[in-house]
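Read through the structures below before going on.
Two complexes come next, and they have one chain in common, chain A, joined by chain B in the first and chain C in the second.
This part shows the complex of A and B:
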């Protein structure tokens, strides 16, 4: 049943021009960024043999590309998730799901997986770019896989936040703006943390970005893994609660 | 009529803040019954429908559908329900076929049966011509029918219809009513409306709700009997003596409406029609109109829901 809803959600994204345009623009921007990293690499390549323990192709091209992709995700996640529940609420089609013999958890998971599938498609298309370097060079595939995993985890948490924001309102635009606000705050919150002692380090721990960086360096950090899984589960749980509140009411 | 009990509603209330949209209502619905839920706008009809369909939790009370408690076992209960809300829940960017397929899947119909179920629902609702059109481009009547098809595609035991003929033209209304009648044969149907003729046209039983309270629960036949008047209206060409009319067996009082038209109040058991006609021919009063004055459903409705009926 989860997959029935997930498939519907994914198809719904592709029925509107929005998903196609987002895919196109993301490809264009990522392509440009990727090529500029390649360009930079070609400039520094002659000097690399002189540096002890110099970074390779993966460190100089793949990792920055994935790092850029994360910023781009921050911008497109609100747009992709904004309609998920808000629009159904607005068009009174939530009734259909509420009347069907499916639990609220199933509805939330279905919608989440549908949206996530779209993001995974973007990730796949993005990772193809560094992978294309295999044609003429050598890549540290382990490091690339680790970075990709980091990106996927990051997106999982973004999508969960976006889904929750979308359950709060009937206006997709409002959902998008609040999602962006929350995600951006999670992104920059470590700026506040850098200057102050223990309290600061707690705040810095909340930062989504801090947990992403180790993955890009090829470090599989279980604490970062649990951070993302926790954020995802928390926001999905909140979404279930929010949908349930529709039924129970004020 | 004596089918098994499908829905039990026990002391259900729903509060919005301090106002009770629905206050302590209880009723049963049996299989093979069409129940009309009648009430003025804002009486609590839609709230009741939403509670029955599991879209709204009751503040108090219990709803059991086919033996499943709607709160404790919502998925079990909901698998027996088809619901058409006031605004048909349509995905405007899907075609009728795609939409109905999705609904069938949501209700857990196995893949193999979905096409057959969809075609059956389309035939029943007169949608065979528009299967490939986008629901968002359909006229209001077809959208309503698509909504109805969605509610019956999984062949539920209970079909809940909230104002199913809203916004339809008279011909479409008649078609939908015939369909509701048909559904009532092997399902239970509960429909809400504020149109009185609709209740008479399609329901076996009627419940009137006003300000959240259930104030009447009767079969249409009982209702007819209740409305059977004990007033006879008669018109003569030549004015008879009032005393003679009043002396007829069973007649309580006679009031003249004008020179030649009278209203006779009689006991419900003793209809003086025949005696009156015989008398009229004997005396050559020239009787040319006689008939019971039927109290209309409208009048009863106003009487029950109006300010006077509140006490």
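This part shows the complex of A and C:
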């Protein structure tokens, strides 16, 4: 059942021009960023042998590319997730799902997996760019895998936040704006954390960016892993509660 | 006793300050063709939404084929198909896709279910539109898709909330045929409609809902017999100038040679009325009586007319 809902969601995305436009623009921007990193690398390459323990292709091209991808995800997550529930509620098609023998949890997970599949496609296409360097160079595959995992975790939590915002309203644009607001807050909260003592470190802990950086450096950080999984689970749980409230009220 | 198709007890629903349902006890037997009537805002759709699990009742219980709509919702929803009052659709999908997805929600797949969906498309005359986008369908076609959608899982109980609203005459007739066929195949049908002749023609038993309460619930014939008024039409040789004083409060309509009177059963006698007319100098040429139809019963019950 979950997969029926997920497939419908994914298909719905691709039946509208929005997903294609997003996909196209993301590829364009990522391609551009990737090439400029390559360009930068070519400029510094002659000097690299002189540096002890110099960063390689992975550190100079793959990691910054994945870093840029995270920022881009911050922008597209609201756009892709905004319609998931809000639009169906607006069209009243949610009732067709509600009269079927599926639980709210199934609905939430199905829809979540549907949008997540789309994001994973974007991640895959993004990772292909640094992977293409294998043709002529040597990559630290472990580090790349770690960075990819980080990006996947990041987008998992973004998608959960977006899904929850979409369950709150009947207006997709409102959902998009609030998702962006929340994600941006999670992003910049780190800045507030830097200056203040223990309170600051608590705040900094909440930062989505803080937990992403170690992955880019090739460090597998279990606390970061649990952070993303916790955020994802929390927002999915809230979404289920929100859908339950639908039935109690109107 | 067999398990009733629909059973409710003390159903109440509040929407803020609106008291939409005020204690509804209802039992619809398996295989019945049941009519649910009532003026706008009576609470028909609210009742249906509770049965379908779209709204939670403020108080009371409801069961479909013996399965509680809250605690045993999977089985109660398997047993129920609801055609909603409002036309809802996914704009991007084709008719066939929509039906396939809906069947998927019920965990149905395989060639047998594919065949059933094709049968539904044929029965509802949607075959040539099966691959068309939902957006491209007319209102009546969308409504037929909704009917097909409610039937993909072959539910025992089918509830149709005003299926014929905004549907042309020809299509309405074919929908009747289709619904009758479902009933003949053993499905329990609950029909909501504002076309009373439709309810009169189709339903065995009828409930009239008013202000969130069941104002009447009976077999159709018994309900029709309940009418306290009938109509007497008298044609006279002379032009009807003024209606005799004793009859004025009964007049429904006066034409040149003809007067239509509304009689209270058991109180007004036809010979007495004819006598009054003769005394007033009229020669009676013809007379006809007409029993009340469902519409009159409905108006009497919902407007509290004497």
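Just so it is clear, the second predicted complex is superposed on the first by the 249 of 250 C-alpha atoms of A that agree within 3 Å, B and C clash if a C-alpha of one lies under 4 Å from a C-alpha of the other, contacts with A are read in each partner's own complex, and residues count from 1 in each chain.
One rule holds in what follows: contacts are C-beta pairs under 8 Å (C-beta built on N, C-alpha and C of every residue); 3 or more make two chains touch, one makes a residue touch a chain.
Since this is a predicted model, take the numbers as computed values, not measurements.
Chemist: After aligning the two structures on chain A, examine chain B and chain C and state clash or fit.
Modeler: clash
Chemist: Contact-wise, after the overlay, does A:4 reach chain B, chain C, both or neither (first, second, both, neither)?
Modeler: both
Chemist: Answer with first, second, both or neither: which of chain B and chain C does A:98 touch in the superposed model?
Modeler: After superposition on chain A, A:98 lies in contact with both partners, chain B and chain C.
Chemist: Taking the superposition on A as described, I'd like to know which of chain B and chain C A:43 touches: first, second, both or neither.
Modeler: Once the two structures are laid over each other on A, A:43 reaches no partner at all.
Chemist: After the superposition on A, what does A:15 contact: first (chain B), second (chain C), both or neither?
Modeler: Both partners, chain B and chain C.
Chemist: Please identify the positions on chain A that touch both chain B and chain C, taking each partner from its own complex.
Modeler: The answer is residues 1, 4-5, 8, 12, 15-16, 91-93, 95-102, 247-248, 250 of chain A.
Chemist: Hey, which residues of chain A end up touching chain B in the complex?
Modeler: Where chain A meets chain B, its residues are 1, 4-5, 8, 12, 15-16, 91-103, 246-250.
Chemist: Quick one: in the complex, what on chain A touches chain C?
Modeler: My answer: residues 1, 4-5, 8, 11-12, 15-16, 88, 91-93, 95-102, 247-248, 250.
Chemist: Please give the residue numbers of chain C that touch chain A in the complex, ascending.
Modeler: Contacts found on chain C: 15, 52-56, 73-75, 77-78, 80, 82, 84, 86, 88-93, 97, 101-102, 104-107, 149.
Chemist: Which positions of chain B touch chain A when the two form their complex?
Modeler: Contacts found on chain B: 16-17, 53-57, 74-76, 78-79, 81-83, 85, 87, 89-94, 102-103, 105-108, 150.
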